[in-house]
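The structure appears below as structure tokens.
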Amino acid sequence: MKLVVAIVRPEKVNDVLEALYKAEVRGLTISRVQGHGGETDEVQTYRGTTVKMELHEKVRFEIGVSDSFVAPTVRAIMSAARTGEVGDGKIFVLPVEKVYRIRTGEEDTAAVTPVA
Amino acid sequence: MKLVVAIVRPEKVNDVLEALYKAEVRGLTISRVQGHGGETDEVQTYRGTTVKMELHEKVRFEIGVSDSFVAPTVRAIMSAARTGEVGDGKIFVLPVEKVYRIRTGEEDTAAVTPVA
Amino acid sequence: MKLVVAIVRPEKVNDVLEALYKAEVRGLTISRVQGHGGETDEVQTYRGTTVKMELHEKVRFEIGVSDSFVAPTVRAIMSAARTGEVGDGKIFVLPVEKVYRIRTGEEDTAAVTPVA
Amino acid sequence: MRNLRLLGALAVGAGSVALAQDPELSAADTAWMLVATGLVLLMTPALAFFYGGLVRSKSALNTMMMSFVALGFVGVAWALVGYSISLSPGGNDFIGDLRFAFLNGVSLENKGAVAAITIPHLLWMAFQGTFCIITAALVSGSIVERMRFPAYLLFMTLWSVAVYAPLAKWVWGGGFLADLGAWDFAGGTVVHINAGISGLVAALVLGTRKDFGRQAILPHNVPFVLLGAALLWFGWFGFNAGSAWGASQSASIAFVNTMLAPAAALVVWALLDLTRTGKVTAVGVATAIVVGLVVITPAAGYVSATSALLMGAIGAFPSYFAMLWRARSKLDDSLDVFAGHGIGGMTGAILTGVFGQKVIAGVEVGYFNGLLAGNPQQVLIQAFAVLIAVGYSALMTFILLKLVGVITPLRASAKDEATGMDVTQHGEEGYTSGEGAILVLESGEPRGKPAAAKS
Amino acid sequence: MRNLRLLGALAVGAGSVALAQDPELSAADTAWMLVATGLVLLMTPALAFFYGGLVRSKSALNTMMMSFVALGFVGVAWALVGYSISLSPGGNDFIGDLRFAFLNGVSLENKGAVAAITIPHLLWMAFQGTFCIITAALVSGSIVERMRFPAYLLFMTLWSVAVYAPLAKWVWGGGFLADLGAWDFAGGTVVHINAGISGLVAALVLGTRKDFGRQAILPHNVPFVLLGAALLWFGWFGFNAGSAWGASQSASIAFVNTMLAPAAALVVWALLDLTRTGKVTAVGVATAIVVGLVVITPAAGYVSATSALLMGAIGAFPSYFAMLWRARSKLDDSLDVFAGHGIGGMTGAILTGVFGQKVIAGVEVGYFNGLLAGNPQQVLIQAFAVLIAVGYSALMTFILLKLVGVITPLRASAKDEATGMDVTQHGEEGYTSGEGAILVLESGEPRGKPAAAKS
Amino acid sequence: MRNLRLLGALAVGAGSVALAQDPELSAADTAWMLVATGLVLLMTPALAFFYGGLVRSKSALNTMMMSFVALGFVGVAWALVGYSISLSPGGNDFIGDLRFAFLNGVSLENKGAVAAITIPHLLWMAFQGTFCIITAALVSGSIVERMRFPAYLLFMTLWSVAVYAPLAKWVWGGGFLADLGAWDFAGGTVVHINAGISGLVAALVLGTRKDFGRQAILPHNVPFVLLGAALLWFGWFGFNAGSAWGASQSASIAFVNTMLAPAAALVVWALLDLTRTGKVTAVGVATAIVVGLVVITPAAGYVSATSALLMGAIGAFPSYFAMLWRARSKLDDSLDVFAGHGIGGMTGAILTGVFGQKVIAGVEVGYFNGLLAGNPQQVLIQAFAVLIAVGYSALMTFILLKLVGVITPLRASAKDEATGMDVTQHGEEGYTSGEGAILVLESGEPRGKPAAAKS
């Protein structure tokens, strides 16, 4: 079992969701985050105060998958989220020791396979 | 050391907090997330635009625990968060290499044990 | 590769960002979370309803770094985020199996090194 | 003893439409009443924000909608039948006849109304209609976050005709409470006690929210609560000073009292907060403003400015402690309609009997003397009117809810309640990020999703 | 046949500034018109919230700013030249002359205006100006989230002079449509059809947002939409009842109609929603209020209260279904300015010809009889005026946009659009957490960052 | 040379309560002043939103409360003593006597006031009271996010009596500045310079927020800032046009000027923004509206509409650049009360002396001629009044703050400031999710938590 954590642009979320859907990845969790990377800082002004926004809006995907699904998941995200410009984000693959489905108590691969 | 990551229904948060409290788990971090799993999609309409909300509000728990606490933690979450209906969420147990308490610099188990 | 996850006080975020900058850590992702630890609960009152806020606002850093960067990263956070009072937060270091840069497809260390 | 504000009209012969001594149409009075009517109408959206800010974000729209729809459903019902039932000069001491149904015969002259007015009758009808709308909306605060919306729509509309209209007749339409000499300048009994009691009964009939008393339910947007309170205050100038039906000295004293009573209530409430917990709360201040307004409403044109300060200050206490008690009780009158409007309305109605005076600030603009001016009996009359209102409002609300419950279920399912009323009752969310919503096309097939992958 | 509301003035001799039979200055009328002008001015910020709540949070400020800047740019343009072009008694049947340019000769007496008024001419100028401001702001709803702000500024200002002002002349300034006998009480043609058509054309010229039809674009703050609708309604009392230019019976009927028509539209819209999807939506209710207001606008002082109820109810249908259709179409008239104001305005203009009556509620406050009062021809005249407005508005908007496009690009880049218009056009965000923003000091060097580490 | 607006009253004999030539009570004037008073009262909540949107979300309620409580504490203080001190016809050239304390003798007739009025004296008292309330609230913008709330309550209440009331006496109550011939139509000196200087001093006494200049502090809700600006503008029509105390030609010119000056300021500010950074900011537009309003306030009824356009345009510059400078300085006048109201007020006061004219738009509604009308001396008189106001306001604010500081600490602890003023001063949060809040029951034991696990 692995946990795939991906940081992507907010405007790419729908594309990524669609790509994951096609890749038959059904379970995922997302959250709004802010990131800093190589993006050019954007300048804002409030009355006389000028500020550099170092952080950019991003969306974080967290997807628990069985080992065989890691590659397709990464591939789906990679192609759907890419614009080629700085700021496209990162994907991290983390090892997972155990997964449980709260509803049934099922474990590991069974826990992430959708029931028909 | 392990990091227990759990995705639960927002309306179950208070129950889970209480269960964790009883299980003597004192430190935790939560955040609001949105998830997609086997839940039936809900339909919304804005003027003529009909949309399917694929993502449902969830709350994510992140709990660093020493190895012996993993089982009680998982059990507490599992029982408090379960409704038996699709959408109850998942629990992931991740390996952790190192934990630090920022305030003192204490490490690992010492870092997650509350000071009396 | 490691993923450093740190929970810090919101009012320390700018200090931490600065410290990380000095430590030459360029990529990171943050999100707003709520935490419970040893902090004293704060009491709020809405009309007759008195509530104890068990959760405190925190900010979560998530930083993917190559192994050699773990120590400086932890050190930077530790010193910038510390106030010495209960509630300063925790740092978790998680193992990472793989990192990808979405923009280029680069992997691992190459994926987290900023391009000049 | 008759309600003097109607005397000019009624003396000629109750029920007679053409009145010889009708005063002249006044452009100045019309100017003020145009504004006042607009101001009262604004109170209903203001209430939507006051209430909407106090609930959880997953029910914000549902709560706001409970007020907004009153603008439509109750407004139309008022024009079609409500006005005639409440304020036609005909009928008997308990209910008006239908002569003005569908606004038939409601003229642009200042003639034909049950009261002697100096503005077009039609405008007066509209002004009175805004009162009915806000009263119906007030009730909703007791039953937020759990009532099925279609059931609410039906209940609210029927309530405006069956509960509000007769009560308005009794007090303002030359009905039996007016005959008795009960005084209610701008709606302590008709509006606030009525809404407070109906809310209480509705909360009991509907039952508590499933989370109530089990977990903390916090206001999702306190600035909205403050916005609502501010706009309510602003609109209330139309409500109270507009109830003089002209730009008169009576309107002026009502206006000044409407400014001073909430100010005094705010001060007292803040000091109570400070004494009790060391902290002045924003929700408390917003509540104090509304309570001060409620208390002065029945008295606005009948008491002096100093009395208004006193009434605001005194009136803060019962509601303050009622709210403390309610929060610890098992009563889920969710937004304290009873403690705010019911208790506040009763306090105001009684104090009107205490502080009322004929001569105010050197001018005879009042209509009666109260206890302090040597007429202790007035307090009893006021109390009697309160009792009648409480009884009628409670009974009828109960009957109506049972009736509606027979037609369609009142409560949302526990699951819908947990998910949130906005999504389940309205198919919308108050605040969306937009992420993760898939556009559904005409064909029913979500755009941007391959049909293949779907099957 | 002439526009009777101007007859008093024009009969003496169109273009003559000094008019013998000018009525007297009235303090009561002035009181009402001071308020009414303030109310109409408030509609533009109200619109900012109505529109701003409907867009995504990354474009909330941009959308609101499109309305707010009209208060400045269009307001100033009106005072400098717009007023004179629209409403100077001179010029010809198609355009006014420049006698009032820079407010020269616009007096505090009630003299010199194109119409017979009882309030200071200068105040009347201001009242008319608020109409021009809101109309320009209305157009922006069609083109949110994609137009470069400097281009918008230029377009909006030119539009107010080149499109609004002549149309106002034709209908209200004694121009050829007034001569023809077309009636528009408060701006069905001049304001709503005009804005709706211009919006439609602008949406077509600008093209769709890049996400349009590809992903769901949801309102980020529905409570703001409700707030906007409520304040629009409140302000609209000034708009419609203020269009009687005094605290008269005409103002009273206009006021009452402005209260009842949206109420009826709300009821119908809610029932349509309920029938179609089982859920009454909040965005729907807010929209219904606006549509009801649009429909009654041209008729406000010309029809009875019962007709207003009917017009509101009938008027809900075309706009409701137009919006259903639009959402499925390829037309990105983003906030449905065409379906709401264009279609609603046309419905209202035609129905004005149907329901218009001279004697309303027993008083001769109307100016003409419509179809139901035995004058079917009026419907044709109304329809003709609609056609003229549609044609002129469409053509000129197209020309202006092309012209502005030559001077400066109209569309923001796809990247800016994706990032959000607030940040890219205004250098601000609507809602910030404040985290992660580095203060930039005078020296250009961010404070709190070591210069060394920077290089 | 006396303040002519008071002449009718004072000529008879300053201090005499019964005045032979009192004009008649006017219903039309009353109608307008009822509305105007309500409008000015609305400005204080409007300010709460303007200010509240500009701070961080953790201090939103605290900032809003600083305005809201003025409605109570200052309102009551005004009725009890403030009015009498400022505007009793008795006393001397520096301070009124206590004849009107507790509203004693303030009648519903239009008699007894220091000025010749045509509305009930009591209503005039209320109108003047709303000015005192908003002025006190304005000061709070300088010291947001760091002052202990109880200390603020005390300071604000004392300030309204000890700083505002005497200054009002000098300028409007027939005091020595009025004698000198200084003109201030609606409060440039009494309200804006006063608030601006007091804010400046308070910011210096309190010291900077601990994060100030170290990290960026951004507005948490810019739409609230826009909402506040819009409602301020709307209310300001009551403020300025209401300062004519009737529905007169004077009110009309004041109204029109109040519409045009901010429009011109908005245009200039937007163009300055555009030139300097290429982006028109929303916070800038909101600020421009307020600055334009501030600048025209002292001149509203004294200058022509074209002068108002010029004053708005010119007035934008000093405040614009003062804000740029302030943000880079070490002065934490957090919401720029000095740059906006202080500098704007001074600009307005001086320009009043430049543009003032007796005959405006053909009617003699003005009271004096300024520099451009051939009376250069007026500029000096205006400047002198400014100096007096600056001196008095600065000195007294300093003394009061030191005094309050002796009674109770002024500053919140650094820790409380870091946590946020909402939670630490009010025990509330502006926006809550409700998650993680444990209900505390009467017993003090949180419900839903086993007592065992607690120990």
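In this document, chain identifiers A, B, C, D, E and F correspond to the written order of the chains, with residue numbering beginning at 1 in each.
The definition used in the following text is that a contact is a pair of C-beta atoms (placed from the backbone, for glycine too) under 8 Å apart; a residue touches a chain by one contact, two chains touch by 3 or more.
To keep track of the chains, here are their UniProt names: A, B, C = Nitrogen regulatory protein P-II; D, E, F = Ammonium transporter.
Fair warning: this is a prediction, and the values are worked out from it, not measured in the lab.
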| item | value |
| --- | --- |
| Same-residue or different-residue interface between subunit D and subunit F, half as cut-off | different |
| Selected interface, B-C versus B-E, where C-beta contact pairs are more numerous | B-C |
| Gap in Å, rounded to a whole number, between the CA centres of subunit D and subunit A | 50 |
| Euclidean distance of C-alpha centroids - subunit B vs subunit D, Å | 44 |
| Where subunit C and subunit D are represented by their mean Cα positions, the distance between them in whole Å | 50 |
| Numbers and ranges of subunit C residues touching at least 2 other chains | 14, 17, 30-32, 34, 36, 44-46, 49-51, 54-55, 94-95 |
| Per-residue overlap in subunit E, given as positions that touch at least 2 other chains | 26-28, 31-32, 35, 214-219, 221, 247, 277, 279, 281, 283, 328, 427-429, 433, 435-439, 448 |
| Contact set on subunit B toward subunit D in their complex | 9, 11, 14, 34, 36, 41-46, 49-55 |
| Touching residues (chain side subunit F, partner subunit C) in the complex | 211, 214-215, 418-419, 423, 427-429, 435-440, 446 |
| Touching residues (chain side subunit A, partner subunit B) in the complex | 1, 3, 17, 26-31, 62, 64, 94-103, 105, 111-112, 114-115 |
| Footprint of subunit C on subunit A - complex, ascending | 2, 5-8, 31-38, 54-55, 58, 60, 74, 77-78, 81-95 |
| Touching residues on subunit A, where the partner in the complex is subunit F | 44-51 |
